[in-house]
Amino acid sequence: MKKALIALAVLGLTGGAAVAQSSVTLFGVIDADVKYVKTGGLAVKKLDSSGLNTSRFGVRGTEDLGGGLKAGFWLESEINTDTGVAGAASGGAFWARRATVSLTGDFGEVRLGRNKTVSRLHLEDFDPTAFTGLGSVSAVYSNLGSGNGTSFGRADNLVSYSLPANLGGFYGGADVSAGEGTGTNKGQSVRLGYKAGPLHVSGAYASTSNAADTSKFKLTSIGGAYDFGIFRPSLSYTETKFQSRKQQIVTASVTAPLGQGQLWAAYTDAKANAAAETTVTGYTAIGDAKLFAAGYIYNLSKRTALYTTFSQLKNSGAARFAVAGAPAATANGLKSTGYDVGIRHSF
Amino acid sequence: MKKALIALAVLGLTGGAAVAQSSVTLFGVIDADVKYVKTGGLAVKKLDSSGLNTSRFGVRGTEDLGGGLKAGFWLESEINTDTGVAGAASGGAFWARRATVSLTGDFGEVRLGRNKTVSRLHLEDFDPTAFTGLGSVSAVYSNLGSGNGTSFGRADNLVSYSLPANLGGFYGGADVSAGEGTGTNKGQSVRLGYKAGPLHVSGAYASTSNAADTSKFKLTSIGGAYDFGIFRPSLSYTETKFQSRKQQIVTASVTAPLGQGQLWAAYTDAKANAAAETTVTGYTAIGDAKLFAAGYIYNLSKRTALYTTFSQLKNSGAARFAVAGAPAATANGLKSTGYDVGIRHSF
Amino acid sequence: MKKALIALAVLGLTGGAAVAQSSVTLFGVIDADVKYVKTGGLAVKKLDSSGLNTSRFGVRGTEDLGGGLKAGFWLESEINTDTGVAGAASGGAFWARRATVSLTGDFGEVRLGRNKTVSRLHLEDFDPTAFTGLGSVSAVYSNLGSGNGTSFGRADNLVSYSLPANLGGFYGGADVSAGEGTGTNKGQSVRLGYKAGPLHVSGAYASTSNAADTSKFKLTSIGGAYDFGIFRPSLSYTETKFQSRKQQIVTASVTAPLGQGQLWAAYTDAKANAAAETTVTGYTAIGDAKLFAAGYIYNLSKRTALYTTFSQLKNSGAARFAVAGAPAATANGLKSTGYDVGIRHSF
């Protein structure tokens, strides 16, 4: 998450003052945790990666083109600190976390390439874990058999537009990913928010389609947070639909500065409708789930933190969700639990 | 294509003046285009990568060893901006675009590793697209069933030699790739050229052999260009042979500065001989093809450009060529067409 | 091997004097050799990678946290200079050579991630090639059918501890790799050494277990070296065991500065016990082997060297070992030989 660590001066490319505003930055995160996870009767102790922030390696830069126009690029690759594997969990491609080129001006920003969808960015904002690690709310998200989770993830072939800054607190964006003749990965998402002073509210809508189906997977979400200084409560509601199946997910969370760090807790209640609880050809029934996660992050510096997390997920009905990194559930309705202690270093 | 964006001072390695001449450079290109391509009745709209220059990430450097001797290295990895995949189109290896170490002195340069063959470098010089993107002349090159295209591509296990600079405009090189007991990828190529003032002429010869065959795939090519200032016409002729099969490819092109950019157009006529037009066991017949491509590149800065390209390929006989990025032809003699608009940012 | 080539100042992250002690370094080695290798009747000429030091690309850094505490990270990826492939020989993962995050203080260092085991580090210290290239002693190491060679290699999921510096010449470390429920890759190793003035002695013990077996693969090794200035002799003894099978490996070596470079030679005698010489279900018998290797390294600068190596391995009984890079033995008791000439450039 942390950034801009090395600002390399770009030499002799543009003259004078503009030079100071062009930069190329090598950045990254190395995060590792010692973890105990259990789903039903299956327990595992492990060294894992990305307990607090996803381990990554990247290069990004901006170039001042004059007249308020800027070009930018961003390359970002996931790292599994425990095995040295690159790109695995983000989709397999080396630069699967992000590979974009962009133009920014008074009109806002146009960005091309692989990237997070704006609906995913909305969801992260109202999960204290930002969809990462043992406590990630993503654990209870189902694609409802649509075969497509880009609404709450990343997409290939993305053309994104972001509103300009300086709209008095309003911000927003929209994106579309090309189906490229196959229908897979075709989608669009839109987001609008307001963030000013202590208040943050945001809403997002996304729909994606898949070659195998004419139906669209649809996601609608709203969220809000208010920073009282000593603590910041947040609430979000997300509804996903595919054919007659539906999932409703409410997350209530709080973060609070404590000493040289931050305490956080989140409670998520995910409900599946009757259709989602029914197995049909090509789709395995899910059920309801409740996820409670909490943690403490102790900052050794701006770049380095120690952290600990507790996460517990209770499945009902046919649900087989598990906390991130835990063994997959082998039966319906099991409980999945995890603890970890880790270190996150960014550069 | 362009370069040397970040010159990182190498600290404390060699003393005094030499320091200024040793450097390590992180460099790259991020290029994405919105593309409409059609082959026969199959049309696709897509976000694609590398419409003008191939997206890449690299590290290279030189070290001044004193006495006119320099050591150098070059690592370069392709990026698919649309998906984040690394290395795909260049052969699959991460550093498949280039991984070399070299020594340069009064004697010229000796370079070891994976790299473009000198015959490929010759061909690029007389294609305004340098074998890249929608209009690339490479679209009509066939390996004639030899299973080996390193003569117009890259090769593993390459030992290359380049003549020194300062030969009064003459330049040249030769390379050999080791067969390593398997016979595959065994090849050699040689190139000689003259470039001084407005004139540029060059010739190349390459032969490669493949384990499956005792015959060699042979490529002979000559090219010339003259820069009149307001426009630069270029002409090249390439002949490839494998067993009794032969392909003859003529490319006439022109580039012209226009405003803050450059206009270019290229016409290519590729003819197959009767043997090449005949399907035999292990080889599918090709036919004749004509490729017309044109484009405009508008430079926002030295590093960033907007561009647009039009490309149309007409197949005759059994030919099933398609412009780069278009759907593969499903029948003989189809027409393949594409348009794109894109942005190229280098760092 | 060479290091710290680019010290990039980390800007604005910590104040004052601490800044000077935090750094991020991009580093690497590009090494290529022209090699002739032969095993039995099979001979191959090739361009190969990593004849002297393993070709690599990496990023590493440290951050001064104050109070004697430092955070650090290290990412390192292998490169096959001949093909551009990344990570192949180190286990396949991109960052398979190393992906670690660490904390260092008065207590020593704790390091998490994929890395060399401390037993491997011990073994490298008493092989002039450091287990790399044509003459590497690793050529005669067998896992004795255990399916696990992390005792003399690298391990995933590693938690390592190193003693602090300043123990009057004593140093040491221990590591444990989590089995993560599967039993594979579960292991631990410990090492203790003394290095002061011309004397260096070290001992290591490691044991690893594998899912398929309840038995552990065990490695015990001691080594010593003394630097007389004009030459440095070294001797090591290693014993490995798995079930009733055993291998005993003695290496005697010498290195000597010569002109602008270094001459080295190593003789290794590896003996298998009767059980190891017997084929049983799931295990192919090995035999005895003698390896002689010698080379000369000529330094053009601190970063760049030319080198040449000769290596010869004689198998007895059922042994089918081969020098690194040579064709695999197709029969028992063959001789494997190699020569190379190469260049190593580090940045």
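Per-chain residue numbering starts at 1, and chain names A, B and C are given in the order in which the chains are listed.
What we mean here is this: a contact is a pair of C-beta atoms (placed from the backbone, for glycine too) under 8 Å apart; a residue touches a chain by one contact, two chains touch by 3 or more.
Please read all numbers here as calculations on a predicted model, not as lab measurements.
Interface chain B/chain C: under half of the residue numbers present appear on both copies, so the contact uses mostly different residues.
Between the two copies, chain A and chain C, the C-alpha superposition involves a rotation of 120 degrees in steps of 5. Centre-to-centre separation of chain B and chain C, using mean CA positions: 39 Å. Of all residues in chain A, those that touch two or more other chains are 8, 26, 87, 94. Taken together, the chain B residues at the contact with chain A in this complex read 5-8, 26, 28, 30-32, 34, 42-47, 49, 55, 57, 79-87, 94, 300-304, 327, 343-345, 347. Within the complex, the chain A residues that touch chain B are 8-11, 13-14, 24, 26, 59, 61, 63, 65, 69, 71-73, 75, 87, 90-91, 93-101, 103, 112-114, 156-159, 177-178, 180-181.
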